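Here subunit A shows up in two complexes: once beside subunit B, once beside subunit C.
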Partner chain A sequence: MVTRREEEEVNRLENQVENGGGGVWEYLCLVHKLKLRRSDMVLKHGLSILNDKKKRSALGPEEWTLYEQVAVAAMDCQSNDAAKDCIKVLQRKFPGSKRVGRLEAMLLEARGLWSEAENAYSSLLEENPFDQVVHKRRVAMAKAQGNTSAAIDWLNKYLDLFMADHEAWRELAEIYVSLQMYKQAVFCYEELILSQPTVPLHHLAYADVLYTLGGLENLQTAKKYYASTIDSGGKSTRALFGICLCTSAIGQLTKGRNKEDKDSLELQSLSAMALEKDYKQRAPSKVSVLSSTLRSLKI
Partner chain B sequence: MDGESNYEIHQNAYIKLILHALKHKTSSVNGVLLGRNSVNGDNVEIVESVPLFHSQIGLLPPLEISLIMIEEYYADKGLSIVGYFHANERFDDFEVGNVAKNIADHIYKYFPQAALLLMDNKKLEALLKEGKDRSPVMQLYTKELSRSWKLAGADASGPLKIKEPSANIVLLDFISSGKWKDIIDFDDHLDDISKDWLNPELFK
Partner chain C sequence: MGAGFLVGVIGVLILSHATYSTIQYRALLKITEEEFSGPPIDVVIELIISLVLCLWAAMAAPGKFKSIHPQSEENRVIALPANLDFMIFNHRGKIFPLETELKLK
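Coming up: the complex of A and B.
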């Protein structure tokens, strides 16, 4: 996760770099460290260092990581020739390297030579079955071709090997959601909550999927998880709205029978109050819209 | 209704949707169209648009909240929800996916002339290169005359037109000046409510 302060720092540096104020290397390092995707900037300013012999050699051994970073950015920008140049330099410096081999395979992928890239990745995996980046490239490649079911297969294979990769579970859940396979997404989020019980983001996502599935039992569970999102991470607009939606939907399903207990009614009015207070402070122009929204949910 | 309806989209509504898709190039994005029927009922005027989401489009809770809020806000201004905009995750994906269909179906229930607009990346790419085309870089799907969403003519003579003839020129100007970075959608609003999904600063 990138914090707000880090993001501001990157944006400040980017601005400075764009206006010729220096700090290019610092900027590139920060983008690399935070794993941000600002490929157009990395390509433009990375090349400005690499094309300048003096600046380039001043980097020392970091020069090679920059070649790698720029190569990946270039492929992302469809500047395959620039990527090829960078990879050539690396091939000369590190003949037979697996890490460079990975870039070569990625270049095949960037050029849309899917089966060649597939073969290259497969042979890389034969030599090192635990290369996470290559596994993930295969998933990404299936996605790029619009072959979602293959992407799901590769991700499941990957998760058999790397069960603790939370990002991958999340990715799988999001693919399932995009295909409206909500039950499968529920399973992924349950897995995530089991392994990281205190991360509010998983609770929220789990509740959102349960609400989408609908049905009395799912709605009731969703409401509990919205509440635990707020409990473990402070206020969250999404979770507060979630509680209001659940209460409203449960009310419609039960039509007032099955009287909700007092705690649950209190939870609902507290959520509405928290939202109103927050909007008054930070979005005063939307207070009246919020009030009518809550009214239409019969709160 | 016997004939096909015509659709006219206002420049600002149009530009907002495209900029939103450009801001989140690597994911599917969507938006909602606000407008009204013309007096004789044959034409739909799309006056405004609100960018909705750029992540997890298939989830209901954020969608329901956003649609209620947007409807409440525009009801006073005599505008209601008349359609849906969708941009696919992949550049060359020209299919209307199930999520898009389901959301559009929901709007259709309340407004049978509902428009489903799909971002046309190829056309946008051509526009960025040549800059001549005056027709919208979107495809129009309707469900008026058939049971499923059908493409309703994508060329300049089709039923979808931009109100201002210079809209694409303004759009190109907005793109080259990096204005897409400033677009705020409902996702942004739910993460930080001080961010306004009306984008009041965009056209100042």
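Coming up: the complex of A and C.
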């Protein structure tokens, strides 16, 4: 998870690195730790360390993880030659390593040689059938080829084996959402909330999917989860809007037999107030747009 | 940091004064040939005061505390990590390759 403080730190270091102010290694470590996808930066500055013999040997054993990080970043930037060179260095250092074998298969993938990559992954899996990363790479390969249904099949098989992998649940949920299979996505997000109950963004995504599904019961649950997003994660403009939209949609559905309790009325007026306050603070020119939107929602 | 550091200096000064008085007291005991039963009360008070002051300085001088509350503004989760295990390479970035001079020497 990337918190506010960590994001500020990354942006500060990125600025510093871009302007040649040093701190390249710290930046690369932070990117690795937070699992950010800044491949162009990692490639450019990682290579600058690796090409400098003095800086490279100062890293000690960390040097090899940097080679790996730069290789993946190079593949992501389509500079396959640089990736190939990095992998060659690793191969010379660790002959017969499976981790390097994985990188080689990824290089095949980056070049678009799908069947060769598939063969490489299957031979890696034969040696170690419980290599989670290789399983995930197969899913990603199916996705890269545009074969989403195969990706879903692979992911479901994978999740039968490794149920505690929340990243895989998130990937499955995102694939389902992209295919508009919201009922299945709801299930995945429920699993995610169960495994990481303190992450407000899962609550938010769950509420979003429920709101999209519609229906009185789903809308009420969505409203609760929008509220829990705010409760657990501080301010979230999206969740505030979600509460307003849910309340308005529920109001339209239960027209005539209006027996809403006092709490939900209080919740909607509170969230509208919070939105107005936030807009006044951060975007004063958009306050009129906001108030007309809220009026159209009859809040 | 300034105030915390000053408090620490005062604490250490009081501590050294307590040490000095203890040494003097023991010399006095030797002269009067009395049994040592315990440190005098003013040394104990000085020790307690210097303990509190040094603790205060140790908390305040090195830096600021970071919030541990998950709901605080700086600990707000604003993004999930990119799902790097499922990263795919044939994305639209393929059309805009980077500078080609980036190479491992």
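In this text, the second predicted complex is superposed on the first by the 291 of 299 C-alpha atoms of A that agree within 3 Å, B and C clash if a C-alpha of one lies under 4 Å from a C-alpha of the other, contacts with A are read in each partner's own complex, and residues count from 1 in each chain.
Note that contacts are C-beta pairs under 8 Å (C-beta built on N, C-alpha and C of every residue); 3 or more make two chains touch, one makes a residue touch a chain.
All figures in this text were calculated on a predicted structure; none of them were measured in a lab.
Look at A:Ala110: by the touch rule set out above, it reaches subunit C but stays clear of subunit B. Shared-chain residue A:Leu267: touches no atom of subunit B or subunit C. Judged by the touch definition given at the top, the superposed model places A:Gln78 against subunit C, while subunit B stays out of reach.
In the superposition on chain A, A:Leu66 makes contact with neither subunit B nor subunit C.
In the superposition on chain A, A:Leu13 makes contact with neither subunit B nor subunit C. Comparing subunit B with subunit C, the partner in contact with more residues of subunit A is C.
Within the superposed three-chain model, A:Val24 lies out of touch with both subunit B and subunit C [touch as defined at top].
Once chain A of one complex is fitted onto chain A of the other, the partner contacts of A:Val2 are limited to subunit C, with no touch recorded for subunit B. Looking at the shared chain after the overlay, A:Arg238 reaches subunit B, while subunit C stays out of its contact range.
Looking at the shared chain after the overlay, A:Thr293 reaches subunit B, while subunit C stays out of its contact range.
Overlap of the subunit B and subunit C interfaces on subunit A: residues 37, 144. Residue ranges of subunit C in contact with subunit A, taken from their complex: 66, 70-90, 93-94, 97-98, 100, 102-105. In the complex of the two chains, the subunit B residues touching subunit A come out as 26, 28, 55-62, 64-65, 68-69, 72-73, 90, 93, 97-99, 102, 190-194, 196. On subunit A, the positions that touch subunit C within their shared complex are 1-5, 7, 34-37, 40, 43-44, 47, 50-51, 72, 74-79, 81-82, 85-86, 89, 106, 109-110, 112, 132-133, 136-137, 139-141, 143-144, 167, 170-171, 198-201, 232-235.
Remark: subunit A residues 37, 144, 146, 174, 177-180, 205, 207-209, 211-212, 237-238, 241-242, 245, 278-279, 282-283, 285-286, 289-290, 292-293, 296-297 touch subunit B in the complex.
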